[in-house]
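Just so it is clear, A, B, C and D label the chains in written order, and each chain counts residues from 1 on its own.
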Amino acid sequence: MTSTIDLVAHRHSTAEHELRDEVRQFLGDQRAAGAFRPRCDAWMTAADPAFSRLLGSRGWVGMTLPGRYGGHDRTPLERFVVVEELLAAGAPVAAHWIADRQMAPSILRNGTEAQRQRYLPGIVKGECFFAIGMSEPDAGSDLAAVRTRAVETPRGWEITGTKLWTTGAHFAHAIVVLARTDGTPGDRHTGLSQFVVDLPHQAVEIRPIVTIDGEHHFNEVVFDRAVVPADALLGDRGAGWRQVIAELGHERSGPERFLSTFPLLEAWAAQTSDDPVAAREVGRLTARAWTLRQLSLAVAADLAAGRSPEVAAALVKDLGSRFEGDVVETVRRVAGAEPRRGADGLAGLLADGVLHSPAFTLRGGTNEVLRSVVARGLGVR
Amino acid sequence: MTSTIDLVAHRHSTAEHELRDEVRQFLGDQRAAGAFRPRCDAWMTAADPAFSRLLGSRGWVGMTLPGRYGGHDRTPLERFVVVEELLAAGAPVAAHWIADRQMAPSILRNGTEAQRQRYLPGIVKGECFFAIGMSEPDAGSDLAAVRTRAVETPRGWEITGTKLWTTGAHFAHAIVVLARTDGTPGDRHTGLSQFVVDLPHQAVEIRPIVTIDGEHHFNEVVFDRAVVPADALLGDRGAGWRQVIAELGHERSGPERFLSTFPLLEAWAAQTSDDPVAAREVGRLTARAWTLRQLSLAVAADLAAGRSPEVAAALVKDLGSRFEGDVVETVRRVAGAEPRRGADGLAGLLADGVLHSPAFTLRGGTNEVLRSVVARGLGVR
Amino acid sequence: MSDELHEEIRAAVGAILKGRDSQDDFDRSLWKDLCDTGFHLLGVPEEIGGSGGGLRDLAVVVDLLAFHGARVPVAESAFLAGWLLARAGLSIPDGVVVASIDQARVHRRDGLRLSGRVRTPWGRHAGHVVTTAHDGNVVVSPVSAVERQENLAGEPRDVVVLDNVEVTAVAPVGVEPDEILHRGALVRAVQLAGAARAVLASARRHVAQREQFGRPLARFQAVQQHLAALAAEVTAMRVSADAAVLAVEASDRGAAIAVAAAKATTSAGAHVVAGIGHQLHGALGYSAEHALGAATTRLWSWREEFGNESYWHDRLAAAEGSVWSVVTGGDR
Amino acid sequence: MSDELHEEIRAAVGAILKGRDSQDDFDRSLWKDLCDTGFHLLGVPEEIGGSGGGLRDLAVVVDLLAFHGARVPVAESAFLAGWLLARAGLSIPDGVVVASIDQARVHRRDGLRLSGRVRTPWGRHAGHVVTTAHDGNVVVSPVSAVERQENLAGEPRDVVVLDNVEVTAVAPVGVEPDEILHRGALVRAVQLAGAARAVLASARRHVAQREQFGRPLARFQAVQQHLAALAAEVTAMRVSADAAVLAVEASDRGAAIAVAAAKATTSAGAHVVAGIGHQLHGALGYSAEHALGAATTRLWSWREEFGNESYWHDRLAAAEGSVWSVVTGGDR
């Protein structure tokens, strides 16, 4: 009957409120102590293993994992609160980000008991970092166009192929690779499987991809007949596509899809009180952030309730990633400050924000792809 | 070698400057005398036959027509200057607009000598008004999906069919109709012809279409075996599509494609001097209007030089029509005034602007269609 | 709004709304049916004559009425007047009762009398108007003289002229103008989200049915992309309004911020929704005969009422604390 | 820019630019070739050592260099320093000469000396800097100490430190800071339009060559719509810059307005162009190896230099007369 994507606003529990206060206090202390400087896009670019370990020691990594793997049995919405506080503060969480967001739930759901024992405790401690090998050359947004192959041999799986845009592979302890085990590239969604490959590996070469910000966050990862044990298979053989798609709801709707440039907004707002043009824009961005947060939270609540809000997640990421760019463009236009790479304060935050802005609407599915998902969800494709 | 649509900025001649001063003086006097009140979208909605006649007597209608038809042999760029001054002032030019913009050049180019003698002198005087029957039910932006038929009979052409969204048919002295004379609807671009039908006509029914502004600007025109003389054919039989397309450059790039809401901008700017938020926006819209005017002028110069800048015209209309909506949205957002139909001042101008805004990007080809034209021009379709 | 009670309300009100086609500015037949079932005073305490239920129950009704472009003043009566009367502990008079936006002046001469020109939506159809007074009272008085005005959707946006009118009831309960502004902003946010949903529903139908260049519009990628952007904005409007209703119902610490953000979001979203909606409908949707215009003219009107987005943006900018504390403060 | 002379200039400079691939911040080999042919001082009067020709001739060269992301300071030398020297009637010193943005302080002790910290694009590569002084003089002095800074494109945006430096030449000709700002804004507008054109050209190539989901990108309607919007904005930038060059060359009454509008248009357009450009190129264009980044980082840098669009919007808002008189005043 209703024609919208069904989402219901969520109200936080008292436990969630108390957790937020605790995290906020911690972050305030850390920042005051100089443990970090707020950065834009810190979840992609600011890797600090010591900070990750510190968060692990506070119980804020792998929070939702069961106690038997070292986890804390917290709810997904409690994790949401912690994560959004970290993001809003621009804290350096990139080292453990992928392990915490995607690989912990994926290994818990799809992994063997041995894989769980092997990886989850380290993730929870903030000491075991992951990369994900997904995109390939000539594939663009078409994730199904996978050419990397894994062949079963007596020594185990032999993996050959190239993955592009692999975040953090240069410091990760393991990489999860999507590879074709059966069928031909034309099969697209069938015959793909996931593998966990420990790093470093002598037949896996990790080459930096420098981006237009002059930095090295991404890698080209080349598997040259890299042999991994038979039990490196993650989940079912041939179920790789299904497993990857199931992760998308988690990947697309998180608060990192609208908060990447929040530290810039916060820094700017702190210094604009007497400019009416700036105040109006701060208010506009505040309202938008408030709404995006409600949306992101509603999707998280849906996920926590066991639903798979793939369409809603796509929709929230479309809106959220555009907001991230909107913040950057608004601040630069109104502030009139020249961005300067590596500079303190607004000039440096602006430089990060401007140089990363193309990534906001490309990573995790371009906005065109996301809108196709939404259109399909509305029944018009 | 260059990858842009080629347009060169135009500089006005002294004659053009003098003409502008003259028109501006005239409009100032008229407005002071209460002859008109500036309106948004006046070229579509504000028909005032007396004002049209007055403009005719000043030599500002059918300006580019040859003297032998009563015209003034002025250049297209001189006409541009007059027209943009009228539009910026929000003067009531709707009565003669279509006759002056489209039908005068079309009849001059395609018409027989008898048709020229019959219609052009009246147009020049601002006394002969035209409508154009183009869109049909179930056709949308697909102008080629014409079902209206004209059959040759011993008594002349017998026209049957329905035209929608026919501006000003209720006061026009004639209507130009695109009808199928040969072939089948599947032929689309061939077998169509244009006819001039004098109004009123006993077998032509003109029914008002009231739009969401509560007003009557458009009509449904029903031809029920309407017989017109053999010499009502305009141009060549079967050349109707080509003739219509040739008019599009004129129709799409004119200053009415970015100035429809200029009177609202001007009225707002006059009362915002001490609000820094408003001032910033006035400056932004001023810069944009300046650039759109340069673009529109450059296309006009191209047309005047005998070229057919179909792609550039589509591009300018895409930008210009979005600007018209941008003006309305900006003024309402910043001014915070509630629009009120029929009210004096900003509230009334806002109401017109808001209620007409859907039309800006629909009429004369939707923006999607225009962008397809541009994409084709760039060689990517 | 997914639980069972809300589904029941939705179904019942949906049944009442079915097949209505009033051209009047006030759909008396619909109003009567709503009165007969008590939906016109949902969310108003039974003690003062309301139908009981919570704010979110009422929001479901208001949303659905907005979705259908229904010409009845439930927002003005239950959501605004009912709330004011409940605050004052006054009973609801019979007939149509609406709230004024402006304050009036109370004075004693022979008995208690009220004077002032107060903007009062639907005033022409009201038997009584609930007004706040300069002295902090809530006052009920009969409506006699009315100056008629309309918004772009043709809804009554009248000025009630109170010229030394004898009051019906009064209670010494201070309600600040700012509270009325917030309450009005909240209900308009709910209504805007409802009207936006109507645009989306209409657009979905239109692109599925209509063909162009020999294909259904829904098959064009540009149309799909527009529709998805439309759905995104409508969802944002809906969730923001829903969250604000929740916050106000629970008297959250951040309720005022939630209302500000929701009204700002829904007011700003109106432009996006109406713009894409009309673009997808083509010329057809521009005709007064098409239902689209009823939704879009309401979007264009309601966004300006009780503060447009710029007004609320300025208020949010002036809120205490960091941006992040404002953004997260809305739910405690 | 369609007439024959401009086509000749375009062809000649295009030939010089062909196949360059310098990774340095200053392409000395290209600079030498430009010097050898005189294109580095086009538009500067022959009497002071320039190559002659008009401002629009020079704009053709600057546009083309920007299109190619060439790492040479023609904008700073011919367009800015050359113009200042011509205004002052001073000859052009040998070597690289650039203009400072800030004023310096002239004083006499033993001879004429200059002091100050002046922002000077390309200062590190310059033999001499042309500076305006607080007393209204145009002063030429050698560059000794430089603090290195870069913009987002890695272009030198240095501070030249003049510590009691003996001047090379001086002329008592008043040039206002505002004139330098306008001149700088004009050249950046031309450069922005050139870089925008590079984005469009790259996007056209990319979508024609690249396949996704089994089809060339160019076949997707969403891609076509993006590309058309990109072309529209690029054309707007180009025509606005062209019109401003014409107006300044002819010393039109509205030349200052034309420069303001053109810099505002090109600065605001940079966001649209870079945004669509990156979106169409996908991840590939985000790599430092792809040429797209050279164009987009320049767009992001140049839009802020010599006043961004907000600065010029405020200036335009403050202009005398009605909006329409401002809009049309730019060409007399």
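For the reader, a short list of remarks on this structure follows.
Everything that follows uses one rule, which is that a residue touches a chain if its C-beta (ideal position, glycine included) is under 8 Å from a C-beta of that chain, and two chains touch if they have at least 3 such contacts.
Here the structure is a predicted model, which is why all the values come from computation and not from measurement.
Looking at A-D and A-C, the interface holding more C-beta pairs in contact is that of A-C.
Rounded to a whole number, the gap between the C-alpha centres of chain B and chain D is 39 angstrom. Distance from the chain C centre to the chain D centre is 53 Å, each centre being the mean of its Cα atoms. Within chain C, the positions touching two or more other chains are listed as 220-223, 225, 268, 309-310.
Across the assembly, chain A contributes residues 277, 280, 368 that each touch 2 or more other chains.
The touch graph of these protein chains is complete, with an edge between every pair of chains.
Every residue of chain B that touches chain A in the complex is listed here, in rising order: 275-277, 280. Across the complex, chain A is touched by residues 1-2, 10, 14, 197, 200-201, 204, 207-208, 218, 221, 223-225, 227-229, 231-236, 238-240, 242-243, 246-247, 250, 252, 257-258, 260-262, 264-265, 268, 309-310, 312-319, 322-324, 326-328, 330-332 of chain C. Across the interface of their complex, chain C is touched by residues 220-222, 225 of chain D. Across the complex, chain A is touched by residues 149-152, 154, 210-213, 220, 222-223, 268, 271, 274-275, 278-279, 282-289, 293, 296-297, 300-301, 304-305, 308-311 of chain D.
The residues of chain A lying in touch with chain C in their complex are 1-9, 11-12, 17, 20, 84, 88-89, 262, 265-266, 269-270, 279-295, 298, 312, 315-316, 318-319, 368, 370-375, 378-381.
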